[in-house]
Structure formats: C-alpha cells, structure tokens
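Next, two complexes with chain A in common: one pairs it with chain B, the other with chain C.
Let's look at the complex of A and B:
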C-alpha cells in the first residue's frame, strides 16, 4: 500500500496525530539546543561525513582489518550475505549452546532481517529488552521509529498492554509505575538468559572492537549476565580508528534526543573468560547500495533518527505509513534500494524541504537523493498513472506560451461556473481537503499590460 | 565461494577510489573543568560530591544505608565476597557498587571505567546505586581528549554518564530503567 494510503489510517485520530507531531518537534528542538552548545558542531558533521566517505571508499580493507583484529581478540566473526543467512547463523549459535532463552537489545539490523519472527517460528523465546521495543513486541508491532520505538503509542495503550502481559493494575498509566513494572519483569529475563543479542553502533577496524550505546543499560544487562553474546552489525557501521569514536559519540546522542551522550557507551573488545562472543557482519543489500553512486552515501547513516524528528511528513504520518524497517526520510532513500516496487511511493513522501539533510550528523544529502529516486521510479515506469497523465499534460501546456495563455483564460472563466465535484471527487487526492480557488479576473500578464506598459 | 568472499568481491569489483581520511583537529576546551563536569552530571540526575576531606569517610557516609555493598575502591570493604558474587541471584542483590573512574569528560559528564576497575562487568549495571570516584586531574574537556588518554584498550570499557533512564512511554523521563536508579560521583 502507498505511503499516502497508510497515512490516512494514522490521521484518523487527530489529537493523537497532533501529539505525535508536537512531541517529535520537541525532540528536534532539544537536538537544536544541544548541538548549539558545541561551537565546532558543523566541523564535527563535516569530519564525520568525511570519515564515512573514507570508510565507504575503502570498506573491503576495513572489513578484513576488523575481522583480523576481532579474531585476535578471541571473538568469533561470521559473514552473512543477507537476512536469511544472518538468521541461520544466529540460530546455529543458539543451537550449539542448547539455548532457549534469548534477550535482545535494540538492533535495527535484526528488525531488517526479521530475526525475531525467524527465531520464534523455530520455537525460541526472544525478549526485546529496550522498554520501547518490549512495548511494541507486546503489541505485536514493529518499532515505528528507530530511536523511539513506541512513539506512536499513548500511555493508556501501554497500560492496557502491560495489564494484559505483565499484570499491572488496570487503568494505571503512570510512566513511572509502568517502567518499574517492566524493570522487574525484564530483570527476571536478564538473570535467566542463555544468549544476549545486541546491535552495533560502531565497529572499529583498527582494534576489532565495537561500541553499543544505550540509555537504559539493557544491552549491558543482557550481555554481561549471559554466557554468549552475539553482536549483529551492518558492514557500513565500521569506522577506521579508535580515535574516531570521539567524533561520533559527540554527534550521535545530541542528534538523536538532544542528550550530550547516551548514559552507557560500552566498548567491547574481548569476551569475558567464561563467555563466548560472536560478531555477524551483514551485507543484506549494502554492497548493492554501495554500487549506486548517487545513493552510496546513504550508507553513512548512524541511525540517530534526527531526520524523522524534523520531517514534516514523518511527524504527521507516523512510522507505519512507510511500511519499511527504517521509516522517515533516511528510510525513504534506503528502502527503494531493497525493493523498488514495494517502496516506490516513499521518495514522494516528502516536500523536499531539505530539513532532513540540514540535521543529518553525517551530512547525507537526503532530500536530493529523494529527488533522484523519483527519477529512477519514473524511468522504471513505476510512478502512478494519474500523476504521469497530469504531468504529461502539464509538460505540453507549460512548454507552449500560447497554449498556456489560452488555457489560463479558459480556466479563469470556467472556475467560477464549474461544479465543485470537479475537484472534490474520489479520483483527485488533492481535492480531499481542498476547494476550488476563487479565480482572479485577469492574469498577471494582462494586469501588467494595462498598468505598466 | 563463501559469503565473505562474495561480499569482498562485490566491493572490489566496484574499484572505488579511496577518499582521504581527515585529521581530527584540537578543539578548544573549557576553562573550568570541575564546574563544567559538575553541572553536566547534575543535569543528568547524578549527585556530585566534591571531596574536601577524607574520601573514604565521604563514601562510607553515602553508603551507610546499604547492606549489600561491593567495592572496587581501596579502603572500602565489600559486604559480599567473591564466592557470593558467583551466583546471579546474589549479584541481583547488590545495592551499592563503588568504582574508580579513569577519565572524566566535562562536556557530557561521561566517565571512563575499564573493566579492571569493575571487579565484574555486570556490577556497574546491576547495582541499585552506582558510586564513581574521579580524580580532578583526570577530567578533560571533550571526547577527543578522553579517547586520546585511553592508552590501553580493555576487553570491556565503559563511558557512564548517569543512572539508567528511559523516556519510552510518551517521552516522559523515568530514572531507573534496568540499571542503577541512582548515581553519585565523588570528585577528589
């Protein structure tokens, strides 16, 4: 279904839509305050962007350097071509350890690979431990935002879910109370877990280590208690050197939530003596995107979500309207690379205002890539018929001054006498919230001739 | 071919021209590091104690209410022994964990703790209340300086910047998500 169609669903509840819009704008404003506290903010963005340029241009060597160093640190390294292989590798590690209980911290990559569904259908119990992710897991939904997974939900809905799943008091929707209940519920899961799965924020080629950032401490609670740690990492998450973490840790949390840094920035290099540590390096379409020159630098993304918080479309259409693992502006330039046909409406879910590019901490030219994808979609004949039809007419009209002038005259006359059904009809999406304009008596050209010539 | 070979081949077939790796310049720091880190930490729900007299006495005073104490700081005794801490259920009882921080960052309040200072990796996370001691001289302005001070990379190392928190329900902040509900920093 198209983005516009799915958005209709979200817009049905107007107060909630307004709340969603305003709350994300508030997060965006916190990002502004936080970034302005750093005089060299723009320089940091440029540095981050250049470091990622270097990574993408040399990624094969960095991957091999990373693997060599990780192996030397006593970490097992696996390579997966796609989501399916990634899931098979995870499953084989679980089976090797005869494990049943799995805790998982936030990882957009595992969402992308549909790991939970894979493991659950094979009889394993996977518990998402980030509070927002646990909420959407209870609701059997995917996250609607990559940093704020349950931002589409009101506290009363969370209260209902918790009452049903972890027996909290009916009707008690106090966030403090609900969070405490989730803490106790998940503490049990942490203590009993056989395997802990995490994502990776940054993989360091120079040292073979990786960094995981959380505010809740859920990744660490899982990893340090479980006998096995599996870290799932998209190949683009690499950075060349340890010192580069200085640039990215200053940018990430500020861009995401306006915090100066996440509470926990955990650096993993070796397993505990009584632990096994695995890293899975996943391609799943990334080398294909790398080959697309115009879209290559979408792979610089560090998954902060700032482009979603600022986007006037995302804020008013919600994460689910994108029907993609990564929603919002960045998702709209990544997803068509995975499946052009399925995601053909996403590059059009934008006003091309450019706010996404302005806030991106690694300076991805998101709005320009949205525009580029539109060309690709039209070239592949995937743009929708009414739009193609009207654009063809517009091209003819606008390329001939004579036709334009004559049609203008006709339009000014006919607008006042035509029935409203001409615009307010089911065939015309624009007419849904719009009426015919009041036509002016004359065109600008006519007015100019009378008054200025 | 293996997946690794396939992935690497797809990359090498692109024959990309290496882009230059930029140098990271030195950025201007703060004049008053201690005031800055204190304000930053307090803004992140951390209690900051500037130790004028005896550190051990200050810590003892702060942890007096707790029965289950684990200390990685000399001069403070743990009430739980190593044998106790082998079981997850005992770990779950820990109320106070006292550790030494190695580097403090004024700009964001993050404190670097290598695993050798933690006794066990899980302890700074599973404890109810985390206490971190940091020396004035080891406070730096920003993350670049902090990373340059980490000469030995440990098997596990942590920048901790506050008690565990979440705002996943309607963006309303709750301190004490999975980890510590409280954090205290002693600046010595």
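Let's look at the complex of A and C:
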C-alpha cells in the first residue's frame, strides 16, 4: 500500500496523531538543546561526514584491516552477502553450540534480515531485550522507529500487552511498575541465555574492536552472561581509527535523544577465556548502494533517528506508513535501493523541506536524494499512469507560451463562473478540505501588457 | 541602472497578479530597470519534482531563451528560484544556463544581498507571523534553520522589521513546513492539510493577524484552509507588505 493510503489511516485518529507528533517534536527539541551546547557542532558534522567519505572510498581495505585485527583478537569473522546468508550463519553458530535460548539487543540490521522470523520458524526462542523492542515483539509488530521502537504505542497499550504476556495487573499502566515488571521478566531470560546477539554501532578497522551503544545496558547484560556472543554488523559501520570514535559518539546520542552520551558505550575487543565471539559482516545491498553515485552518501547513516524526529511527515504519519524496516526520511532513500517497485511511493512522502538534511549528524543530503529517487522511478517507468498523464499535459502547456496563456485564461474564467460545489468535486483532491484561490479578472501578464508595455 | 528581469511563477501569474505587481513596483521604487519577459511560463519545478526532469528540455530551453542577457533575474518565490538555481540546465547551451543559475535571486535575497535595502517608507500596523518557506529557508539560506547550530538570522524578518508599525510575533515552530510541497498537496492530501492546519494554529495561537511569507504557494495552501474553515487570519506575500499594502 502507498504511503499516502497508510497515512490516511493513521490520521483518522487525530488526537493520537497529535500526541505522536508532539512526542517526537519533544525529542527533537531535546536534541536542539543538547547539540547547541556544543559550539563546534557544525564542525563535528563535517568531520564525521568526511571520515565516512574516507570509509566509503576505501571500504575494501578497511574491511580487510578490520578482519585481520579481529581474527588476531581471537574473534571469529564471517561474511554474509545477504540477509539469508546472515541468518544461516547465525543459525549454524547456534546449532554448533546446541543452543536454544537467545537474547538479542537492538539491531536494525537483524530486523532488515528478518532474523527473528528465521530463528523462530526453526524452533529457537529469541528474546529482544531492549524494552521497546520487547514491547513490539509481544505485539508481533516490527519497530516503528529505529531508536524508539514502540513510540507509536501509549502506555495503556503497553499495559494491556504486559498483562497478557507477563501477567502484570490489568489496567495498571504506571511506567515504573511496568518497567520493573519488564526488568524481572528479562532478568530471567538473561540468566538462562545460551547465546547473546548484538548489533554494532561502530567497528574500528585499526583495532578490530567494535562498539555497541545502548541506554538500558541490555547488550552488556546479555554478552556478559552468555557463553557465546554474535555481533551482527553492516559493512558501512566501519570507522578507520579509534581516535575517530569520539567524533561519532558525541554526535550519536545528542542527535538521537538529546543525551550527551548513551548510558552504555560498550567496547568489545576479544572474547573472555570461557567465551566465543563472532562478528558477521553483512553486505545485503550495501555495495550496490555504494555503486550508485547519487545515493552512496546514504551509507554514512549512523542510525540516530534524528531525521525521523524532525520530519513533519514522519511525525504525523507514524513509522508503519513507510512499510519498510527503516522508516522516515533515511528509510525513504535506503529502501528504494532494496526494492524500487515496492517502495516507489516513499520518495514522494516528502515536501522536500530539507529538515532531515540539516539535522543529520553526518550531513547526508537526504532531501536531494529523495528528489533523485523520484527521477529514477519515473525514468524506469514505475510512475503511476495518472501522474504521467497529467505531467505530460503540464509539460506541453508549460513549453508553449501561447497554450499556457490561453489555457490559463480559460481556467480562471471557468473557476469564476462554476459553482463551488462543482469545483470541489471528489476528483479534486485540493478542494476536499481547502478552497481554491479566487480567480482574478486578469493575470499578471495581462496586467503588465496593459500597464507597462 | 540595474537591469532586472522579472520572473513571475506561473501560479502567481494566474492567481495572484497583485504579488507580481507589488514585486515590480517595489523593484522600480528601489531604482531598478525592470522588464518582464512576456513569453515566460514556468520554471518546470512541478514536473521535475515529480520525477520528470529528464523530459524538461523544452521548458528549460524556453526559460533560457526568455531570461538571457539580464544583470539579474528576480523572482518572488524561494521555491521557484531554488529550482532554477539547482536544476536549470541545457545540453546545447550549458554556459548560458549556468549564467542564469548564478544570476537568479529570490526577491528578499535580492533586496537584502544585492540592493542592500536599508530603509522602507511603508507601514503595516498589524501583528505578523512569518512563515519561513522551506526552500527559501534551507535551500537559499534566507534564514537559519532551527536544526543548525549557527548564529540565528532571517533576512525576511530583517527586511520586514524596517516596515513601520509592523509587529512580528514569535512562533513555537518557526521553521516547520506547512505541508504544501507541490504535488504533495494533492498526492498526500490528508497529511498536507493536517500539516497546514497545524502551521496555521501556531500563528493563531500567537495572535498573528497575518501570515506573511516569501512563497505564495505555501500561502495559497494555508489560505485555502483558512477560507474553508473560516479562521481569523489572513495571508500576505512579503512583496505586498514591503510595497505598502493594507489589509
């Protein structure tokens, strides 16, 4: 279904739309305060963007360097060309250890690969340990936001879910009570876990180490207790040197939630003596995107979600209106690279206002790429017929001063004599909730001809 | 004398001639020799933003033919100016296209940066909320967007504050989009209207009597909602206020 149709559904509940809009704007406002506390903010953004330019231009070398150093640290390194291969690798590690119970901290990459579905259909028990992720897992929904997975749900809805799944009191939606219940529930899962899966925020080529950022400490809790750690990492998550890390950690949490830093910034280098550590390096369409000159910058994304919080469309349409793993502006330039046909409405789910590009901590030109995807969609014949038809007419009219002049005159005349009920017919989307301007007697051109030439 | 070509967006030509007239009169008052190329139609943004830039050759060529040879091209729209500056091109005459791109100015940008207007002998005794249209704000950098950590500025507000008795009101979200977005306004009708309503609400809440802006397209969208819902506020293009209009 198109973004417009899904949005129309979302908008039917206006109080909830307003609540969603205001909640995310509140996060964006916290981000403003926090980012403006750093005088060199704009400089940091440029620096981060340039470091990522370097990474994208030399990604092969950095990947090899990363692999070499990780191997030397005693880490098992795997390469996955796509989501399926990634899931097979995870499964093979699980099976090698005869494991059954898996805890997983937040990883958009594993969402992208549909790892949970894969493991569950093969009979394994996967528990998402990030609170928001656990909530949407109970609801059998995907995350609606990459940093705030359950932001579309009000606490009363969470209370219902918890009552059903972890037997909390019916109707008790006190946040502290619910969080405490989730902690106790998850604690048991952590203690019994055979394998801990995490995502990766930054992989450091120079050291072979990697960094995972969470607010709940759930990645650490999982990894410290389980005998096996599997870290799933998109190949674009690399940075060249350890000294570059600070540039990104300063930007990440401030952009995401307005915090100076995530509560946990955990560095992993090598397994404990009694532990096995795996890293899976996943391509899944990234090298294809890298080869698309106009879109390669999208791979700089550090998944902070700031573009979602700032986006006037996302705030009022919700994550599910995008029907993609990564919603919002960044998702709308990433998703068409995966499946152009399925996601062809996303580049149009924007007014090209540019707020996403200005908020982006790594300066991805998101709104310009939205424009470029629109070109790709029309050039590949994936545009809708009514649009192609009307744009063809528009082009012919606008290419000829005479036709433009005559048609403009007829249109203004018709608008001034036709009754409003006829003008605001169901086919006129403009007129559904808006009046058309009152047509003037003469156009500017006619006025100019009379008065100036 | 500065020779200026007046570039009037198609929808302003057809629906808001008073904005074209105000722009012309204002530039003349400020000592420019203004000419309106009679064969102009549109900059081609509607088709390009819909994905058909590859079919815009005739529109681009016509634009280049109309606007060659002037010192400046001035347009009372941030969005149309930005489209020309970012996307006008020609396979056969790229040098001229480049010239036009670099000589095209949005009206406020031209008054502020080129003419460096210092005083205006006009009055507008109303409470005004400024709608900073996105393409002018973030594309042409007519002001600082709230996302960026740079010293705040707004060239439009600066010019408006030279008008006597005007009272600019503060808004909760001064750089939020109104939801017009060209074809977005009809393709995502429900969302577009919701965004427009939210934007108007901000102005009404701060007791603005008038929403002023650099882009009549955003104002047309908001005016459409205002008129349909009978809201107690009006819209005016910045050119009209600077040229001395009344309500």
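Brief remarks follow.
Everything below uses one rule, namely that the second predicted complex is superposed on the first by the 424 of 453 C-alpha atoms of A that agree within 3 Å, B and C clash if a C-alpha of one lies under 4 Å from a C-alpha of the other, contacts with A are read in each partner's own complex, and residues count from 1 in each chain.
We take it that a contact is a pair of C-beta atoms (placed from the backbone, for glycine too) under 8 Å apart; a residue touches a chain by one contact, two chains touch by 3 or more.
These numbers come from a predicted model, not from an experiment.
Of the two partner chains placed by the overlay, only chain C lies in contact with A:399; chain B stays clear of it.
By the document's definition of touching, of the two partners only chain B reaches A:186; chain C does not.
Legend: residue contacts after superposition of the two complexes on their common chain; A:445 is shown touching chain C, with no touch to chain B.
In the superposition on chain A, contact is made by A:430 with chain C only, not with chain B. In the superposition on chain A, A:316 makes contact with chain C only, not with chain B. Once chain A of one complex is fitted onto chain A of the other, the partner contacts of A:232 are absent, as it touches neither chain B nor chain C.
Within the superposed three-chain model, A:330 lies out of touch with both chain B and chain C [touch as defined at top]. Applying the stated touch rule to the two superposed structures, the overlap between the chain B and chain C interfaces on chain A comprises residues 38-39.
Of all residues in chain B, only 2-4, 6-8, 10-12, 14, 16-22, 24-25, 27-28, 40, 44, 88-89, 91-92, 105, 107-110, 120-122, 125-126, 142-144, 146-148, 150, 153-172, 174, 176-180 touch chain A in the complex they form. Here chain C touches chain A in the complex through residues 8, 10, 12-18, 20-21, 24, 36, 38-42, 44, 46-47, 49-56, 58-59, 62, 134-135, 138-139, 145-150, 173, 175-177, 179-196, 198, 220-221, 223-225, 227-228, going by the rule given at the top. Considering their complex, residues 3-4, 7-8, 11, 14, 17, 21, 25, 32, 35-36, 38-39, 41-42, 310, 312-313, 316-317, 348-355, 357-359, 371, 374-379, 383, 387, 391, 394-395, 397-401, 404, 408, 411-412, 429-430, 432-437, 439-440, 442-449, 452-453 of chain A touch chain C.
Chain A makes touch with chain B in their complex at residues 23, 26-27, 38-40, 43, 46-47, 50-51, 53-54, 56-60, 63-64, 73, 79-81, 85, 129-132, 135, 148-151, 153-155, 158, 175-176, 178-180, 182-183, 186-187, 190-191, 207, 209, 215-218, 220-221, 224-225, 235, 240, 242-247, 249-250, 257, 259-272, 281, 283, 287-288, 290-291.
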